[in-house]
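Chain lettering (A, B, C, D and E) follows the sequence in which the chains are written, and residue indices restart at 1 in each chain.
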Amino acid sequence: MSQPQNPNADVLLSAQNLSVRFGGVLAVNNVSFDVKRGEVFTLIGPNGAGKTTVFNLISRIYTPTSGTIDFAAPGGQSGMLRLTDKAPHEIAKLGIARTFQNIELFEHATVLQNLLIGRHTHRRTGLWSEIFFTGKTRAAEIEAREKVEQVIELLDLQHHRESMVAGLPYGVRKVVELARALCTEPQLLLLDEPSSGLNVEETDDMAFWITDIKDELGITVLMVEHDMGLVSKVSDRVLAMSMGAELATGTPAEVQRDPGVIEAYLGSVDDVSSLRRENHPKSHTGASA
Amino acid sequence: MTAPVTDNAVLKLLNVESAYGPIKAIRGVSLQVRRGEIATVLGSNGAGKTTILKTISGIIDPRKGSIEFKGENITAQDPAHIVQQGLMHVPEGREVFPLLSVRDNLVMGAYTRKDRDGVARDIEAVFGYFPILRERAAQDAGLLSGGQQQMLAISRALMANPDLILLDEPSLGLSPKLTKEIFEIVVRINRERGTTILLVEQNANMALNASDYGYVLENGRIVMEDTCAHLREKDDIKEFYLGMKEEGVRADRRWKKKKNWR
Amino acid sequence: QSQGVSKDEIVLGSIQDLSGPLAGFGKQVRLGMILRVDELNEQGGLNGRKVKLLVEDSGYDPRRAVLAAQKLVNQDKIFAMVGHIGTAQNMATFPVLFPKNVINFFPVTAAREMYEPFHKLKYSFAATYYDQMRLAVPKMVKEKNAQKVCAMYQDDEFGLEVLRGAEEGLKSINMQMAEKTSYKRGATDFSSQMQKLASEKCDMVVMGTIIRETIGGIATARRLGFNPTFVGSSAAYTDLIHKLGGPAMNGLYATMTVQHPYLDEASQPIRFWATKYQTKFNEEPTVFSVYGYNAVDSFLRAASKAGNNLTTDSFIKAMDTMVIPSDIFGSAEMTFGPQKRLGNADSRMSQIQDGRWKVVSGYLNK
Amino acid sequence: MRFIFKTDYNQDIKLAKHGGHTFWYSALMVFMLTAPWLVDEYWLAQLTFVLIYAIVGLGLMLLAGFTGLFSLGHAAFLGVGAYTQAVMVNAGVPFPLALACAALLSAAVGMVVGLPALRVKGIYLGMATLAFGFIVEEVMARWEKVTGGNAGLHVHTPSLFGWELDSTTEFYGLCLLLCVGATLAIVNLMRSPTGRAFVAIRDSEISAQSMGIHIARYKTMSFALSAALAGLGGALYAHKIQFLSPEQFSIIQSIDLLLMVVIGGLGSIHGAFFGAIFLIVMPQMIAQAKDFLPPAIGQAAGLQGTVYGLVLVAFVLFEPMGLYGRWLKIRTYFQLFPFYRRGMFKRQKSFQKSDRLK
Amino acid sequence: MQLLQLLISGAAQGCIYGLIALGFVLIYKATETVSFAQGDLMMVGAFAGLAATTALGFPFWLGVISAIVAMMIFGFVLERLVVRPILGQPAFSIVMLTIGVGYVVRGLITMIPDVGTDTHTLPVPYAGQVLNIGTAVIAAEQLVVIGATAVLCALLFAMFKYSKLGIAMQASSQNQLAAYYMGIPVKRLNGLVWGLAAGVAAVAGLLLAPITFVHANMGFIGLKAFPAAVVGGFTSLPGAIVGGLIIGIVEALSGFYLPEGFKDIAPYIVVLLMLVLKPNGLFGEKLRKKV
């Protein structure tokens, strides 16, 4: 296996000339980008631009038609690992965790159990030790719980610790999914639309969390997001895609100013008052009175 | 042509209470939506907005209370029956038919309709709204991107040409441009066809501008209601739903969050 | 004192298939047994003891047979197991019966394991499939001057017994089985089997088959224009063959131990018996009804011989010198002894002629 | 209602969550240990069967209830275990060694079956295991030299250094011991990473994978463990029934096993036990009950099947969570006693979604 | 010549499997459950035909039609009574339910005094006739099966592909919740599906009756139809027929050319091979969840 040299010690993840085709659809078309250690890198783009597909390529759910993805070897070794040669379950072990656009939690388990599954890559016990539940297993379990509790506290999930995921509201599930990803103690965190379904205030919290994750935990974040407020608040760099191809790269402000991005993605300047009914109906008393 | 808002309520909820097993999700909600208007329900996560919509369309049976649609009591009726009365629900989380083609998904939207020509015309109309759907007409809906599925879910509801549409977070996962377009379409349909709309939306700014009347839901109870024009001016609404906070408040909150965190 | 015998009652158990593949037979065995038990009880019982017959359903499943046997032996405390159907089912219950000293009397299966290896609690009545075929096949070969004998058999212990008997019989006249082919119980398609036999140009086919498979196999052969002499065992000796199979079945030979009780049978005692059965249960009797009836009848003979003090030991003692004479159904005389636990090994040949079984030979004896 | 305040991680991990657990499970153990003196031989034999089937049920629960892989050929593993045990014990191998071999050989076969399971799910997996079951049954029937073929195989009583385990009581003791051991093993597994990985695979393969769970390995492991328990159960079954024939391990047996875990309650360890009790006791109850029915019905051919089917249908209709679900409700009812409200367990409408996509 | 006859016999038998498999595919496509009661419904259908033509004395064709109609009603009722109450539960519950229904149906038929435990023949006008194809022969009974299978398959295929009803059935199986949201009367459609499936089962039973006779256990042939459905892909109607043909022909050939015992397990070996090589069968769609 070729060991591509890391050209730049700062680069954590490097995608080169990625393309993937599904039948007639070229979902990702020759996209290249580098994610630097310690930054928040955001992918934006119209619906169907191929953002989620890029995530799926990184987590090896899809295999690229052409192109490569390299990841800085964990544990400070020099050199890059070729992700595209790895099996899907090996990705987490390397320190890449992700959330899903449509939320993929373990529905018939509690929040706590979901988070503990997140600790799977840190498993140290063997089958026999688990069957007899030896002291080692017990110690490992306690340690896993300590770690999980830290994440629960960070994300304010105490209240939901023992709830079944199936019964949680959409917004909480989003947070649980983030928590589960954090439990793997990743180097790189992939967030697919973390704020969708959250209201303004919750989006604010999300922004705080993402900043904390980056600053305090030192985790690099690669995210897909449509809420430009959040994007500007937390991202260091933004890559705009359209129809599978790269449209623009730069700081959030730069990208937002790009006419191509405005045309394809942002639309005209925010003035939603045009939606209002010209003649307001007169106020009426509600049925609840 | 603009359809006027009339005073008679198409949809009336009276003291509705729904629960999932022992957990009560909404507790005594009363609201009404008048013919031709766009009404919205605001509320934070888990407030029970989705539950209200599901209860209306018969997916959940309420414990108490009654629901009236166009003068008929539809409490705990079979969901299919309720749709046949002219009520369409765009559910949270898209819920497309993953293994049917995009076109067949649209055809299913028009299941209750008998007029073939009208259906064909409406398919063209939604293809006009969302050209990508025309492009993917023969593709399995399950393979669309998240946003594309959302477009499909909305289009599918339009296909039924209903009297009342329940919209649960229509902008979920849509690009800023499309979000705006979606609301324009919603408003247009309301104005042109006179379709009544009950809207649940996290993007309160959009919702409050597009709607005529709004309810605020907290912990399963309605705590405030008014015309959207008035709501837009209220300080609480501004702070909690529109995100127009003073810097001090924001920093305070940030600090509180941080304190918990080592 | 043995379990199951009290001052005024003898409790007998039986396990039948009442819901499985042989439910038709199981039901008839049960009715035959009931007929005899009722006759006895109406006459006041045996030495003042009425007989109580408990029948359990095994669904032709050995595991359920064991559970049923446990119930009968340990819960209902039966004195003897009578007329239990099925080879594997019987074998599976032996470990339940024997430690409790419960006799397995006249099981409705013609497998050698029902009396071999010797066990003092095993009694069997029917000529085994093995013996039937061992004696019938050489005789038929000679009679028909057959050159190539082949076999189609059911892929289970029953079919194998037929096959082994036939092979043994052929060996005695220095012949070999030219071709053999098997099928699984419940099979419906026999075309490849019959084609295989046809391509070998077999002129006699031994059928280790029961009912539907006998009919299906022969019908397929006739359709293919393949018309050897078919020879079946007593398992194929039932009126269903000609009733269901129609004229295509004419010419089939089968061995038999008791005669089918046709309602319009020429023999007056059989006709009388058959009518009685028909009146009581509102259905026509078959050979299986006769097996059930005979099993209970023979049990009663021995029990009566054992006298008032009926115990397992006294019953065995009575059986040690037991002779059961030939009955109205034409079964041969049965004799038992301290080491002889099979009544007899005799059977007769019969053939379907004009849609009805006809006896065509006397007893086949070694 | 009981509220438990957690002050220690150990509390979360502990098996007995509170005093009630300790008390009731101890009571159950005491009963099981004294059962030979409390119940008559017939019921002790049934109890032994229950324990044997519970072991098999635990295995199937692991596979179907926790990993979400439905096997329609589980009787094959039972058969492999049973025949291995019978052949080895008959050849004079000490029975503990034979037991171990039975479990291991079954596990090995389970791994082989696990292979197609890596690629197929749902109904296809059901069919793969069904096909496998038929093939194993055929092998048992055809490999006469070893299995005795359709003629069947008598199993000698287990013996260890000249000591024969022949009495009902002693064998019951053995089964009890193994059953408790198996239960502890599964309970332990389920509170460890492996057990959680199984549950993760059941709920969402894609996200299990993205959590670093090697799907293929864990599915194979689940098959192997499940088959090992079935093999162990099969070995005990061989001794209990003492006569083996291939048709005892047919599709009917496989379906019975599946019914056992479904009726017991999928996804709970209690369910395996409830199911085993049901599977053994139910036919006996029907047999007992029919003595009280008018003979025209009670003795009719087919009654047993009809009643069995009716009970099954009734279960699915009224208690889809199985016996364990019913038990939970009863328990909650008493715990809440004066405050119990009707409708508390009223099922909300539920909606099925394609599980072709998982 | 040998080979030709083998192929013809195999194909005829394969059509029987295909015919039964059609029922499985119908139910699976429309409700995403597997009905283990299909074989038993087939048996009941055959008994219904028997009752109509012998006990009631109807002329043959009238008897056949009334048996099919009666079975469709039976399917309806069955759905109403036992399937509908648990609609929405995981598919597996319904599988269990059908196993239970199979037991009950078989048990009840067995319980009919004087009829249930016996084997019967259904008198058909075309019984016993054979058709010569070159040197090979085929029975009229088999020919009828082949014809009926083709017609039924075409009809059902058209329904699922082109009619709104058929699409709606698939829609409800893929996402019941969304189907309700669309106003699709899921329950009524389900009733229809079960009615249709029972009707298909009745047709199979009636066509099979002259070949396998009518008896309470004739439904077990359904176990051979599973492999047919799997090989074809379980969601494809033409696949069921092709799968059936493959299974039938493999059976015939292995019965002739391979050692004893292979004929019985050949279908299952084919299934295992199929699942390893092409997990979704010959015509099954390749599915993958998009995340």
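As a convention for this text, a residue touches a chain if its C-beta (ideal position, glycine included) is under 8 Å from a C-beta of that chain, and two chains touch if they have at least 3 such contacts.
The structure presented is a predicted model; accordingly, all values stated were derived computationally and were not measured.
Peer 1: Return the chains common to the contact lists of chain B and chain C.
Peer 2: D, E
Peer 1: Where are there more C-beta contacts: B-D or A-E?
Peer 2: Here the pair linked by more C-beta pairs in contact is B-D.
Peer 1: In terms of CA centroid distance, which chain is the most far removed from chain B?
Peer 2: C
Peer 1: Just the number, please: Cα centre separation of chain C and chain D in whole Å.
Peer 2: 38
Peer 1: Let me have the rounded angstrom distance from the C-alpha centre of chain D over to the C-alpha centre of chain E, please.
Peer 2: 31
Peer 1: Indicate the whole-number Å distance between the mean C-alpha point of chain A and the mean C-alpha point of chain D.
Peer 2: One centre to the other, that is 41 Å.
Peer 1: Could you grab the centroid distance between chain A and chain B? Build each centroid from C-alpha atoms only and quote it in angstrom.
Peer 2: Roughly 27 Å separates the two chain centres.
Peer 1: On chain C, where are the residues touching two or more other chains?
Peer 2: Residues 18-19, 23, 26-27, 155 of chain C touch two or more partner chains.
Peer 1: Two or more other chains in contact with one residue: find those residues in chain B.
Peer 2: 20, 59, 98-99, 142-144 - these are the residues of chain B that touch more than one other chain.
Peer 1: Specify, in ascending order, the residues of chain A that touch 2 or more different other chains.
Peer 2: Answer for chain A, listing residues that touch two or more other chains: 52, 61, 100-102, 104.
Peer 1: Which chains touch, pair by pair?
Peer 2: Result for touching pairs of chains: A-B, A-D, A-E, B-D, B-E, C-D, C-E, D-E.
Peer 1: Given the complex with chain C, which residues does chain D contribute to the contact?
Peer 2: 40-42, 45-46, 49, 141, 149-152, 154, 241-243, 245, 247-248, 252-253, 280, 283-284, 287-288, 291, 299-305
Peer 1: So in the complex, the part of chain A that touches chain D is made up of which residues?
Peer 2: It is residues 59, 61, 87-93, 97-98, 100, 104-109, 113, 116-121, 123, 125, 127, 130-133, 137-138, 140-142, 144-146, 180, 184 of chain A that touch chain D.
Peer 1: Spell out the part of chain E that touches chain C in their complex, as residue ranges.
Peer 2: Touch residues, chain E against chain C: 2, 5-6, 9-10, 13, 16, 106-107, 110, 113-114, 116-121, 128, 130, 137, 139, 208, 211-213, 215-217, 220-221, 248, 251-256, 260-261, 263-264.
Peer 1: Within their complex, state which residues of chain E touch chain B.
Peer 2: 164, 167-168, 170-171, 174-175, 177-188, 285, 287, 289-290
Peer 1: What residues on chain E touch chain D, complex-wise?
Peer 2: The contact residues of chain E facing chain D are 28, 32, 34, 82, 85-94, 96-97, 99-111, 113, 116-117, 173-177, 180, 216, 223, 226-227, 230, 234, 261, 264-265, 267-269, 271-272, 275-276, 279-281, 287-289, 291.
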